[in-house]
């Protein structure tokens, strides 16, 4: 069975295992203040255009989202997000468990617009009952989105401008940011995120690491006390260097981008083949997650050789399929899928 | 510099790195339902006397404590614990962040007694204002304690009996449970914990793993919905097998106990030497954490060669010192410390 | 200025003030266990068909909603509600502040259906990722709704059956329940609510009291520890008898229904006049809240003599208006409004 | 049975009932922005020396404490308080339910000192593990204390200075502030509280009102968004003027102080008689709550005629008794108690 099911089915890039083995007997302080974490932070800062950002390493995505959002909001504030946003639908109410409401906006292609965000903020301020309504206190977007799509530089800039105009911090969930940055459709860089956002994270779990997400804090206010928040939410790894070592390896020799590029190219091969065959897509195919609409017979046939998910029914004979490529996907296996389409 | 600072300064046992490398390209489902997690759970169940327990793998101690405690308590309940208990002093209010009060009891040698627990429960029930007072809804003890001491079988049995008498679940934080089980002073087994407690965890982070804690749920009620709680608290690792693989390796061939025994023996060598030299201890020396009281000149002298913490001042010329041994401590380095005393 | 702005602009029925004055020097225990609270509970139980229900008195609606909902849900559960439900839009995230997500369903005329509820529950149970998604743990509906509409006996029975089928408690927010029960369109009684729901509340604040809501708990599980929850949320009034006395007066001699009937009749006079004039309504006019769509010129003209709110814009020249009648509304003032239409 | 059980056994001063009756048909906006609330705020500001303070009206003490404290703290901060502080022992974990730890300090006579507070703040900042420990983010004291004692001007000033030195806001729970201000032992004024604290509240429930507490916010930062916090916690009364009217009546013609003075004088009569008889006190008798130690026979004898509480056992034959006077206590009944002693 060849896997196109998700981007977290395998382990990690081999360099990480080598580094963990090489450094195993080193003795370092715990909790993320060791030389590996410091060096990884330096490499990330460099990749972010050497801006004055704080870098923290956390273990997983849900943990990162809840820690960042709870650190930024006042008790009566919530986070504006796409209705399809991960925090709104697939984190078992983790944001609400910290006391805050997700404020979903209708999304198109998994995305929300600067205009929607501005309207939500302004409507709240103009509401005669505004003290009875949760205040938008943060904007959360995923890049790439849960639907595999990308906000363009223009879209990101507009959102960033609205956020800064109203002093509402912008948080980008970059669980798959590598796959976005290396996609053909991409017109931004990591350094742009360090300019346009107030805080974002660089996903490791889905992009080559065993686990781990690097939070990059741009905004001065959000930097304060973040390690307290991490500890309180159970997000400060005792042997913190395990995260530092992984991000060191990922950001050495541009590896993060090289492995992402591979996944992007495999996805593009599949997308091209699907388009050629006339398949429609539920969402614009732009990154390593593709959502073609296929007839159920074809799906059954493909399932004999390939592992992948179906996501809901379109009509009696058609369903939405998800093909995912990753840092581990080979061109060879991709070609097999292409040939089977 | 030879390290006696903590038991999480190095990486892990080599077998774990080998297994991670060996399994790296395997493709498994995420979120802890893969064959490695299943096998690790089986090995742990066996080590627990094959009782009908649920086993879940989480990443770290604070995360485990907050997830277990929040899953067990009603909103108006709190967790009875030693005033020196980790949840009460060193987790940045993580329990309170889930809405629950720690209910500290005065401790001696880091321990609380069945009598204290019973009194707290009964006093609450008899309080004319009991609806105005947080109800004890769980008992939390650490084994070994934060002071390196052990509850005896008799003490554990008494506490267990009180808990069951009043239907208040007993939770044992076993971050260092291996070091306790292999100590000379120990008169219980892992299987005893699966009988006496309602839920406990087997620490990996401090006992040979890169990270990871195995929660063992004995009580039927506490088993319900635990994976929801894990996900909500950001405690469900995407590549869950990283935890399964580690606990597989730890529980193969009795490794967990072998490596713990080494740490216990090293600690006993140091304790013996300290006693011989006439040093007093802040807490009874029983496991891999030793708290001798030393004069500041001697401390300064030792610090030239050894890394270790001081824990508060006794008088103008004396302080409490903490020496910690671990799965990585060598007899050779231990002898160096012994000779320097 | 004649007021049709809201049903909490005046004080209370005169009998309450008389009773407060008459009982002022009585000495009673605090916190809701005094003879007045006991007697009021008895009167309410009687009005509920003498079913075995618990009755508790709280101060306000938001407080009641958050206390009831937080008492019923497990941490990973949320409350299904209409997207227009009060808890979802006008309580500043009070439910989320207790850790729980509101799970809004699209509403029509302010109402959701049994079919929608069943689908939400079943979809969650069938979701392959269901542990990553908040579990529906309660159903919250308002009766009358925030749009002034009523669920019929048939609709309530269907919702109740779905809730009981899936063991998901049904909670009815009855802030304006009196005005519903006395509306022409109503085909249920208070006793029906004590049969069909698991918990509901009888609003006092908007129906004749200075303040106060009577929570009626039907379900055995929900009864447990409710006073602890009240105290913890700041919802246990020290001089609890102030609530008991008010509900005693409201439920003596059918007063609660008599004053509600007046409001209902006034609203029906206005609705009839509006219909006669050909006005359309944003929501079906059934109770003391009417939402006609009027042209802005007419609105401006009416505003010279009458106080009322506008609720959003329909088009450039039309808006939705809200007229509210209450226990204090007079037929005389109602006629003035009717004549001005 | 003559009551010395608590200061919330009766209703309110007659002027409040008269005013409620007189204003009953007035039509005002809800939620505390009506002319009565505005006028009451003005009267309170005047009593506070016309300082630039915000005044908000809430319903009860627990509600006020949790709303104020949750509005002031960051998620990883807690409130320093006396171990006997109301929030720590008698509010069912309401502070923890908002996510924050109470940080109790050992108390003497119900009081904590500036030195203790400074040590707690400094110790935290100097702690090598400070990110693992809850940060003191507010100081909570009760004035009078739960033990009926008073901090002197000197003590309050010292605490205030420490708080301002370290930018940790000072919050005074003034549930019985009137009885403190009118005690012989008192050397401060209401205006002093508006200088020395960052936020405090003036208790109505126990000092002449049916219910209600007036929060006075001095600090600029704490003023922001307070009404959002109120609404979210269910602490914004719909018919808010009920609170405004009560505080208007209490602060007209110095009534708040006149009625407090009566209670203080009655308490002083009892204290004098007890001292004369040679009774010892558990806490220094200074305000309307007296805690003499009496032999159990005498207690039994007094209980025939008087209602009062006993608070714990001193030895086999002696207990701590609590006598409470209030705005309703008469000199006549006080003399009866004095004569029976």
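Before moving on, here are some points about what is shown:
Think of it as A, B, C and D in the order they're written, each chain with its own count starting at 1.
Following the convention adopted for this analysis, a residue touches a chain if its C-beta (ideal position, glycine included) is under 8 Å from a C-beta of that chain, and two chains touch if they have at least 3 such contacts.
Values in this document were obtained by computation on a predicted structure and should not be read as measured data.
In terms of C-beta pairs in contact, B-D outnumbers the other of B-D and A-D.
Set against the C-alpha centre of chain A, every other chain centre is closer than that of D. Centre-to-centre, using mean CA coordinates, chain B is 42 Å away from chain D. Taking the mean of the C-alpha atoms as each chain's centre, chain C and chain D sit 34 Å apart.
Between the Cα centres of chain A and chain D there is a gap of 49 Å. Looking at chain D, residues 75-76, 91-93, 97-99, 131-132, 228, 231-232, 236 sit in touch with two or more other chains. If touching chains are joined by edges, the resulting network of the protein chains shown connects every chain directly with every other. By the touch criterion given at the top, residues 1, 3, 5-6, 8-12, 14, 17, 20-21, 23-30, 59-67, 91-94, 97-98, 205-206, 210-211, 228, 231-239, 242, 307, 328 of chain C touch chain D in their complex.
By the touch criterion stated above, chain C contacts chain A in their complex at residues 75-76, 78, 89-93, 96-102, 129, 131-134, 309.
Residues of chain C touching chain B in their complex: 31, 70-71, 74-76, 98-99, 131-132, 135, 225, 227-229, 231-232, 236.
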